[in-house]
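Chain IDs A, B, C, D and E follow the sequence of writing; residue 1 opens each chain.
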Amino acid sequence: MSLENNQQVGPSAPPPHLRVAGIEKRFGGVHALKGVDFEVARGEVMALVGDNGAGKSTLMKVLAGALVCDGGDFFIDEEPVVISNPHDAGALGIQIVYQDLALCENLDVAANLSLGAEPVKSGWPFLPRFLRPLDDLEMEVRAKAAIDRLQVRTLRSVRAKVGGLSGGQRQAIAIARAVGAECSVVMLDEPTAALGVAQTRQVLDVVKRLRDTGHAVVYISHNMRDIFEVSDRICVLRHGANVATWKTSETTADEIVVAMTAGLDSGTNNAA
Amino acid sequence: MQPDTSFSPIDRLRRMRETRLGSFVPVLLALAAIWVYFGLALPLWDFWSDPDAGSIRFIFLSPRNIYNLFMQSAVIATLAVGITVVLLLGEIDLSAAATAGVCAALLGVLVLAGIPGWAACLIVMAVGVIMGAAQGLLIAYVGIPSFVVTLAGLLGYQGLMQKILPTGNLNIGDPFVRAIARILIPDLWGLVMAGLLVLAIAALALRRQAERKARGLELDTNATLWGQVAFFAIIVFAAVLTMNAYRSVPLLIILLTGVTAIVGWVSTSTPFGRSIFAVGGNAESARRVGMNVRRIRVVAFGIVGLLAAIGGIFGASRYGSVSYTAFAGGSLLLESIGAAVIGGTSLFGGRGSVWNAILGALVIGSLGNGLDLSGASAADKLMFSGAILLLAVAIDALSRPAGNGAR
Amino acid sequence: EDMVALLLPENVNPRWEQQDAAAFVSTMKEIAPGVKVEVFNANNDTSVQQRQAEQALTQGAKVLVVIPIDGESSAVIADMAAEEDVPTIAYDRMINSANTTFWVQADLEGMGFDQASHVIENTKDGDTLVMLKGSPTDPNAAVIHNGQLRALQPLFDSGKRVMGYENWTQGWDPAIARRSMDQALTQLNNNVQGVVSSNDGNAGAAIAALEEQGMAGTMPVSGLDCTVQAQQLMLLGKQTQCGWRPLADMAKAAAQVTVRLVNGEDFSDLAPQKVKNGVGAEVAYVPVGSYSALGADGVAYVIENDPSITKEMVCQGEAAATAFCK
Amino acid sequence: MQPDTSFSPIDRLRRMRETRLGSFVPVLLALAAIWVYFGLALPLWDFWSDPDAGSIRFIFLSPRNIYNLFMQSAVIATLAVGITVVLLLGEIDLSAAATAGVCAALLGVLVLAGIPGWAACLIVMAVGVIMGAAQGLLIAYVGIPSFVVTLAGLLGYQGLMQKILPTGNLNIGDPFVRAIARILIPDLWGLVMAGLLVLAIAALALRRQAERKARGLELDTNATLWGQVAFFAIIVFAAVLTMNAYRSVPLLIILLTGVTAIVGWVSTSTPFGRSIFAVGGNAESARRVGMNVRRIRVVAFGIVGLLAAIGGIFGASRYGSVSYTAFAGGSLLLESIGAAVIGGTSLFGGRGSVWNAILGALVIGSLGNGLDLSGASAADKLMFSGAILLLAVAIDALSRPAGNGAR
Amino acid sequence: MSLENNQQVGPSAPPPHLRVAGIEKRFGGVHALKGVDFEVARGEVMALVGDNGAGKSTLMKVLAGALVCDGGDFFIDEEPVVISNPHDAGALGIQIVYQDLALCENLDVAANLSLGAEPVKSGWPFLPRFLRPLDDLEMEVRAKAAIDRLQVRTLRSVRAKVGGLSGGQRQAIAIARAVGAECSVVMLDEPTAALGVAQTRQVLDVVKRLRDTGHAVVYISHNMRDIFEVSDRICVLRHGANVATWKTSETTADEIVVAMTAGLDSGTNNAA
């Protein structure tokens, strides 16, 4: 299984917006990330691929502050930063669609869409923000717009509890929440896994739009077609370690699949 | 997003239960069952079975007894409102009654030392917040389960109460403190206040509906809208008129309603309240959207501490004294948690309402009140109260639309 | 160093810690300074009381002085102690065991009779009474109630007094008594002319309920123990009677016997009488006197005779404004 | 499925905590903290601060006191084992202590009526099962939350107990019943039994390891294997030798261990036990794989009823009497649930172990036992027990590997 | 948007093994299934497709007894049957992979794989089955074999708790549980949504093997490539109602996508 490495590109090709180096993560006895390097630039879609259990979601959670890593460095525009919890990540402009969606089933669609960033009514300056009256009509309006944009036609009401929604409807809400917020980095962990054909189309368009508006986008998927449609570069993880990073235009699906499942036989791995 | 237009009446009923108002229905049914039992069934049965009895007396439903019932349930209700807040988070507080006891004892000692009543009340409320928040800190930052922390709090605060009250009890004569339970709102004022309240609610509902229309959002049907306003008006006026028929509306009840309204508003209509529900529904999701889950826990325990302190003040005012057993030693703790749970708040978090806790407290209060009127033996009373409670709650459970079988 | 243990039943009634234990400890210090006294309080839980007895024995207690929560479950304490040749003194409440060595108590039946008599004297024919009874698990509660009925039953039977409402008070809990009184007033539509309360805690609760109806001070309310709180209410005219026992004398008698037992000496000269307890055992017994305190004079008598209560303690809060305190 | 070979010592430690034995560690730490405090720290401090004291006495750790501690904790432990079973399901039982009370009272009345002790015990156990299962039926089939059903059960059974015992208490003289707490196993027998037990465990562990090898499954390291056996042997022999040093091993303790072993085995090693964990982990998943979730709930409540009855029998035997306060009125209920939770069982279901409940009961028992030895005032004792409990559990919580922040 | 109907085939082409007719299901105010007919024969793979929220998962849950429907008839080999809970369905030989997987996160992989059908040791005839000792070694052996078959190479141990597994690892366990059991009908609700390329391949192979061994297979997916690779017929749902059923060999992905999103304009719908 020998592989030509000339199609791989150095990760430093475009100036990275978000970059991490040497990320380590262990769960009890499981060594999930073994010194992983990763980066994404503004105006590019970086695909992150790998076999099941390769460590993709773990890496995303570390970047989003949902998991604290055991070692590694974070840089935004090459400035070192600290991301120790999701709040930090949000403040640095990082938004994420988690693979497990992270919705609150007991709340309705509108509430989930603005979770953690609820709009409040204006005109209560004497109250601290967290005690001002919620602007729930504004929340509904926003939610309706977001859902309509993703063409989830079967969702009857933004006042429905998320606990009663179908798999695809839920995923659409998680996506709408992340892409609706002000940010510079958007990471999507298998965002179209439960989506229908039309909805998947919309999400891919949204991803492209985000790229065109100068966002840094990380896109995780097992669907090679989608990957090759939207991504600019592809980063492959295997058993919690970098394999390599390719320019999408200079590689093929087959090559990526081989790299995911078997790795590179030759040692030249410019991402390590 | 086109609404489905083919609704059967059953669908409508089920939808109704999903509305804000609908969540009252179950516990109202339970309360109604108990009131019918004590208020109508029992007197009628007594009358028929005893041929000597001259006339039927419906004592339980008399304005005077309803007045008593409200006053008797006030302390439980106050604590239950606070406990609901932590239950919504998926936590529990076993120390609320003991906190109320410490605060009441402290209040007694402070006014005895000559501190003016209003100042003592403020001090005691601050102390309650600190007692609650201290436990919240241990739960949130050290990571000990709330059951264990508040069990330790229960023990510790019981001890503290004994320390403050070495003699076990203390008379409270301070006119300010006593006034809380004694002052009555003149009949007319009570009615005017009720009327203004209902008008305000109606106006708000109308404005909201207009705004929804303007923004192109789904509208409530007019039936739902006016139904809710009418329902609210009936409850408010029934309560005021009943109390006026005996004496007048007591200040204590107005205070309780006001406190509940504030906590209710915070819990449903502010970002903080939303975060309580989010943490209770899925703490990890809440954390991942950047909520400070720990701080929310600490604040929630601070709130339960505050309400425990208020409960302690209410109790001290109503009992005219502070005693160990009335707060720390007795059944107040389980009754308050029970009131919250009977009100429909889940022990698993994320589901419930503080208003329902008040109704739950009335359910619990009605048991003791009604049975004490019946003159049964202590053993019979306990057994009956268990049975009636079950029956009342079973009516609710059975009237619910069939679930999935597993919780 | 010898050690003896004093086991209190609960902390609902202030007398145990404040008066009985205090007097026992100080008497012991006086007459046997070398003997250490350990005081325990079981908070109304019989299994805790048994544990505390075990811990006292583990520490090497020479005598157990027990105020049991109830007469039956304390038997195992006396039996257990006897296995190690440690004698057990029943204080205030009897222990129904063959191993009970000594008992000290006043004539509680008579004190119950006094309570009822006081209420009878201050009411008239046809008046309606409320009876707030003690804890159903306390043997004394039944004894007190029997005394009350000795005075009242004939009047109930003849219709001269009407029994309007009665209720037991689990654990002597004033919160329970309060609700009982509320319900009594509601059911009787305030047609109440007297309250026969079995102790001061219940009396205080009844008075709070009466106050809400503006009826406090208009009728006789009895009590037992003459706690500070009760004496304040007496000065304010809201409670009208309390039965008082010389708790210091009871404690002293128990202490004297304790010291004899520690030294292995005979104490029959201190306890000439004997009574039979619930299991038919003869128990050496010292009766103490009692006094039915009425109004301000009664308060004055109690303050004079009870070393643990001072005028300053009583003259606090509202009571400070009464004539007695000025 | 190739195992990762690069383990740091910390990884090993963390893995250790994931094993069966590892789940003991937190509560053992808590227990150790309390024992060190009462057994060593307190006497040393007393000795230094009081120059007159002739010699240090380590009473708390004396064989006699350890013996007392085990006996004092036995009733709490029995109830805690039962309550653990329903907690594993994600339910709660507030009526367990009252059920124990009813069973003890019934036992007393039955033996008084001349029924032989052994027969009375069997009857009472059947009654306990029925009392528990009846509540389970209401929870599973009517769908009332277990908190409410068992709160009603608490009230009803308290009343029933008073009905059975009109005076509130009763002496129990029956020799069979009293024997349960009085019979001692001769010293030698105790040692022989302990030896056989350890041998059996070792043999089983070895056979299992051999079978794993034969089937090509992952093997435990020899260190883990022998470590577990050694750990077990040390605990068993330490307990037996300590009790022999005072008197001998009491039958009651053997019975408690036996009952716990059976419940422990059922809960971890049978399809029924597996279904309890499954329902507690995710009731809907359990239902979807075809488990009869309702029946499982009913049976679990039957089990807690059975254990409550056994607890009642143990209590009646040890107290030599039945009294309302020892069971229904006192702190037994909260202490039993507390023991289960301190043992690490989650109130949310699916996580915990009955053996840990026994350790939790010892934690709770040690507080009362140790403080009673210390000669503090009642108020101080309460405050201390709260503080020590917190401290002990905080040591556990802080020693846990850092979690995700949210629960 | 007119569509030719000649490619549609009658649902009665092969003799159905499992058939339902007129299934109705409402959730509060949501009418999720409006008289749906559905069937699958032995030795065939019936694909069930539809937009997000079309009602596919609801229909599957009804067939599996996880939801009780408000109306409709069930037939196995044309005999009427009653399916009122999952136990009934299991007894009738129906196995299902739920879209939300229905795993117990607190249990380990081996326990989840045999959940509800735990093997017990032989030789305890005097005990009722549910109290006999679990054969946990057998459970581990089975679990290892099942996981290896699906090529989930990153799963370290069958004694790992499911709560700590990656999305794909979990899905593999849910699939392994359903296809490992004795049954005649296997229903898979978006089984490959979270799976990697290689694992998806394995699942498609398993599906084909099930068909070849005479099972009736229902396969739900949004991936048209997979659908067209494995299915014999395709049933389209839209807004909780049947659109039509096609023979896979006689239709195209485009036609199906149009039917899913827009339905059939002409009224002739032979599945209604």
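Everything that follows uses one rule, which is that a contact is a pair of C-beta atoms (placed from the backbone, for glycine too) under 8 Å apart; a residue touches a chain by one contact, two chains touch by 3 or more.
Computed from a prediction, not measured in an experiment: that's the story for all the values here.
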From chain A, the most remote chain by mean C-alpha position: C
Reference chain B; chain at largest CA-centroid distance: E
CA centroid of chain A to CA centroid of chain D, Å: 47
Distance between the centres, which are taken as Cα means, of chain E and chain A, whole angstrom: 29
Whole-Å gap separating chain D and chain E, where each centre is the average of the chain's CA atoms: 44
Per-residue multi-chain contacts in chain D, two or more chains: 4, 162, 284, 286-287, 378, 404-405
Residues of chain E engaged with two or more neighbouring chains: 28-30, 66, 85, 153, 155-156
Junction residues of chain C, two or more chains touched: 11, 17, 43-44, 136, 170-171
Of chain C, residues touching chain B in the complex: 11-14, 17-18, 43-44, 136, 165, 167-168, 170-176, 178-180, 182-183, 186-187, 189, 201, 204-205, 207-208, 211-212, 227-229, 232-233, 316-318
Touching residues (chain side chain D, partner chain B) in the complex: 90, 92, 94, 138, 142-145, 147-149, 151-163, 166, 279, 283-284, 286-287, 293-294, 334, 337-338, 341-342, 346-348, 378-387, 389-390, 393-394, 396-398, 400, 403-407
Complex contact set, residues of chain B against chain C: 59, 62, 64-65, 68, 72, 112, 162, 166-174, 181-182, 318-321, 323-326, 329-330, 332, 368-369, 372-373, 375, 378
List of chain E residues in touch with chain A within their complex: 27-30, 50-54, 57-58, 99-100, 152-156, 160, 164-169, 172, 190, 193-200, 222-224, 239, 257, 260-261
Contact set on chain A toward chain B in their complex: 64, 66, 85-87, 89-90, 98, 102-107, 111, 115-118, 120, 129-134, 136-137, 140-141, 144, 147-148, 153, 155-157, 159, 177
